[in-house]
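Both complexes below contain subunit A, partnered by subunit B and then by subunit C.
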Partner chain A sequence: MEIFLQLIYSGIALGMIYGVIAFGYQLTFATSGTLNFGQGESLMLGALVGLSLVGNIHGGPYLNYWLMIPLVIIFGAFQGAFVEWIGVRPAIKIKSEFGWIMSTIALAIIFKNVAENIWGKDDLKFPSPLPESPIKLFGANVLPMEIVVVVGALLMMAAVEVFNRKSIYGKAVVATSNDRDAASLMGINTSAVITFSYALSSVTAAVAGVLVAPLTLTGATMGAVLGLKAFAVAIIGGLNSGLGIIVGGLILGIAETTTGFYISTGYKDVPGLVLLLLVLAVKPAGLFGKMAIKKV
Partner chain B sequence: MNLARKLIFGSMVLVGAMTAFAADNIKIGLQGPLTGGSSPMGVSMRDGAKLAVTEINAKGGVLGRQIELIERDDEAKNERGVQIAQELINKEKVVAALGYINSGVALASQRFYQEAKIPVMNNVATATLIAKQFADQPENYVFRNSANDTIQSTMIVDEVIGRRKYTKVAILADSTNYGQLGREDLEKALAAKGIKAVAIEKYNIKDVDMTPQLLKAKEAGAQVVITYGIGPELAQIANGMVKLGWKVPMMGSWTLSMGNFIDNAGKNADGALMPQTFIQEGNTPKRTSFIAAYQKAYKVDRIPSPVSAAQGYDSVYLLAAAIAQAKSTDGPKVREALEDLKAPVEGVVTTYNKPFSKADHEAITLNMPVIGKVQDGRVYYAYDDDKKRGAEIRTKK
Partner chain C sequence: MLNIENLKASYGKVEVLHGVSISVPKGKVVTLIGSNGAGKTTTMRAVSGMIKPVAGKITLGDRDITGLESHQIAKLGLAHSPEGRRVFPTLSVLDNIRLGAFVRYTNARPKGDVEADLQRALEMFPRLKERTTQLAGTLSGGEQQMLAMARAVMLNPEVVLLDEPSMGLAPILVEEVFNIIQRLKAQGVTMLLVEQFAAAALNVADYGYVLENGRIAVHGPAEKLKSDPAVKAAYLGGH
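And now, the complex of A and B:
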């Protein structure tokens, strides 16, 4: 039982990492129907910028961990807005179906190369703000940082939800996601809303980056695998369901750790991908997604 | 002549002088991962080799010619390794090559050197197959001066089963060629002692969570974890063990001495054991001067991977000795000279006395490496006995 609990804990921590990145995919998909395929790279840039501020690689540490987060948020916002401005807006303007896919992937590669030149290609240690010794929780071990990741991810998603429901700006975002043309006719600056959603999406990724970095290692290549797994989560959960993202993340995370233990560590990535294929075949909008009817 | 003309004339003279100079150089190719997870090994190997080249050139070079290293970054990728081998052979026209950190890259690309009849000195890669890949051909151009996996796995098994009397071992190996070939050698060495590992687990490069693998090992009652992988993931294993609150000794292939394992695992790395051909300790005059020269040239205190640096350094001396003896840079002649080196070659790891023969292309034998141990961010001799006898040169048997 203790073993199972331990696997569940690790699975939850891993799943919430995936989930919070997947949440970033959702934000931009809701407003513009486009995705930033460089979500993993946004996470990586956030983590590395954070590392420059709190680590000693660029003459630091300049700030403590918690004070660094607001700066990373600002950086993430600019980075996301930049992606939208360069990669996505031109494609939306000409109503290109696929232009944004290539341009966000291209930007992701460029970001990775830039990061390799600034921070090097090696994996670096991210100093942990909390003690690195585990604490016992109902008989199994958890790292304090894992709890922070789970709580941080949930808080971040809750904050965005509250913002969307309660504030006038949030309502503009919701209106844009419901019907972009109608929202535009109602006087909402939909193009600004889309830019904003990209900024917000990169902010969540960048914050996720500094949250997970003390658990994983930090480096220019850290985003690729995480971004891909998160994409699977977004598909499994549904691209327009907040609950779906959380459940999808947990399913994938727990599937990975339990398969690794009970079947074979050689196959631990398989169940998640099988599930992905199943979902695509049976319920293409995702487990919790609403089927969008495309009117032609 | 106005200034512009003078400048053009001056630079033409300079360029002319340089090409004349370069034409006489003996070109040796060097390839290894200078970036990425295995870069501490690649960079240390290159830096060690450069030290040796500088020393040899300062003494007038070989055959009265200077040695020139052509270095390339293979990024630990098999396909890059293949491209580089072809470039070094066909475009740079190297007379010999040294390097290879990653066994997979070596196995994928050294056939080009074999076909071109150019000797290649593997100075870090350890897969047992490497030096034997072309052993069935009449002329084998692949040599090695690193401790192969058979040696390493035998040493690991001797240590955990023989010396420490453990009976339940778990193996954690990565899914690359390096990890899986090493795992096979380990299983063989264990079987020779009549022991079967209680858990054999696999993980991928870049995996961030080692919980399932470690839990399986723990549940199976393992008394020791044996690893075969590279620095960053090894650090995740050490950190994962602390997270699970499970403390058993960690022992593994020599990669547990890599800087990026030690740095990323921090104090969790303490106590890790591994076979080493070289420990950064100046116990002979040759080693003292090598360590001092390395620290001075690259402004570091701890060599990122001391074993790679030492073997990289020695590999240049071995090749240089063979070229000098062959009185030629012709591939087949250099190979013949390597297989029958008349004079002993003094290196950092050992003094190479007839290191190779026609049938044996391995310079390092089981009696040469020692067990190293990580403590406070450095690798030391694990046993006082080895430390005391550290100054003794262990030669090939």
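And now, the complex of A and C:
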């Protein structure tokens, strides 16, 4: 029982990371109908940039972990805006339906190659800002950093939600998601909103990267698998449901840790992906996905 | 206030407007009538930057707005209540109205007393006042039309474009919409009104243009158009 609970804890932490990345997919999909298929690479770059600041690999450490996070946020914002500007905007401009898919994948591969050249091909250890000995929670072990991951992920999503609901700029983002042409008529610069949503999406991924890095190994290849699984989470939960990605993330994360322990680590990805196939067959809009309200 | 000179616009390779000229003087209501497919909505869309004109010149006050982006044109004071209302379905009624004043909240246009204007808009549209927290997507067609108009006036605009405000509404609501247009006119709001209900539009307007196949066929003071035999036969027949 204790082990089971422990697996649930790790599954929740992992699931929240998937959830945050999936949240990033939702942000850009809402405003532009496009996604950054290099979202996993945004996470990877955030983690490695963070590592360069707090680790001893590039002559550091230069900063303490918590002070590094604002810099990673700035980096993530520029990285996301860059992806939008180079990869997505040209496709939107010519109304290409699929151009952005290839260009964001191409950028993802380029980012991975660049990372391999700067940080090497081997996985690196990310120093943990908190004690690495587990603490007891309801009788089972949990790592302090796992709690930070869960709290951090929820805080990020809540912050975006509050921004969207309370500020006029956030409402402009929602308006752009509802109806881009009508939003323009209100004087909202919708291209700027789309750039912003890409920046924000990469910020959440980059922060997720430095949150998860102390729990895993950090390296150029860490992003691809996370990005793909988070995409599965976005599909399972629904591309327009905030609750869906949290639930979807938790299902996938817990399925993975429990299968890995009780069956075989070789099969740990199977249950989640089987669920993905089931959802696509039975409820293609996702478990919590809803059809847009349309009334004439 | 708003001047459209020799406007040409096309969808793809098909030219829809072949040189349309319309003048909307300050404080006046001008209506653009014509049958389906004549190019009324295209004219509106070209003015507010939703499509790029192929040729011609559009000026707002003394600013040339030809070819500008919609959001830039809105900042210069042109409000467009588009065909089909296009309210933001997942936002509340109040948030929709606030977004009408987006350029004022963000100081891209003089802010003025935006909160007082918000209250005034709610007084003017009592149906909306009862539903401020309701999601706009759950409103009836008539309520959505009121919302689209409230949103437009919140810009504190120099000119309002109203595209088919009566479309798909029950007769009693059509009457309500025209009453509101009348009240806006009394407040001195400059409007360009596109309507299929030509008779009602000519009743509220000072001046009218008749669009046929992408060209202005006739134009003149609304009173005069109402008694023009050709206009009567084609657009006012039976009413």
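Criterion: the second predicted complex is superposed on the first by the 286 of 296 C-alpha atoms of A that agree within 3 Å, B and C clash if a C-alpha of one lies under 4 Å from a C-alpha of the other, contacts with A are read in each partner's own complex, and residues count from 1 in each chain.
In this text, a residue touches a chain if its C-beta (ideal position, glycine included) is under 8 Å from a C-beta of that chain, and two chains touch if they have at least 3 such contacts.
Just so it is clear, the structure is predicted and the values come from calculations on it, not from any experiment.
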Discussion item. By the touch definition at the top of the document, which applies to A:268: first (subunit B), second (subunit C), both, or neither?
Written reply: first
Practice prompt. Classify the contacts of A:103 with the two partner chains as first (subunit B alone), second (subunit C alone), both, or neither.
Written response: neither
Worksheet item: After lining up the shared chain so the two structures overlap, which partner does A:133 touch, if you call subunit B first and subunit C second: first, second, both or neither?
Response: first
Practice prompt. Quick one: classify A:7 as touching subunit B (first), subunit C (second), both or neither.
Written response: first
Fill in: subunit A residues touched by each partner, larger count belonging to subunit B or subunit C
B
Discussion item. Tell me the contact category for A:201 with respect to subunit B and subunit C: first, second, both or neither.
Written reply: neither
Fill in: First, second, both or neither for A:34, with subunit B first and subunit C second
neither
Worksheet item: For subunit A, which residues belong to both interfaces, subunit B and subunit C?
Response: none
Worksheet entry | Complex contacts: residues of subunit A adjacent to subunit B | 3, 6-7, 10, 13-14, 116, 120-125, 132-134, 141, 143, 212, 215-217, 221-222, 224-226, 256-261, 264-266, 268-269
Discussion item. Give the list of subunit C residues in touch with subunit A in this complex.
Written reply: 48-50, 69-71, 74-75, 79-80, 82, 84, 86-91, 95, 98-100, 102-103, 105-106, 108-109, 135, 137-139, 141, 144, 151, 155, 168
Response to the item:
Per the touch rule above, subunit B residues touching subunit A in the complex are 35-37, 39, 175, 201-204, 206, 208-209, 211-213, 215-216, 219, 231-232, 235-236, 239, 242-245, 260, 263-264, 266
Worksheet item: Which residues of subunit A touch subunit C in the complex?
Response: 168-169, 171-172, 174-175, 177-179, 181-190, 292-296
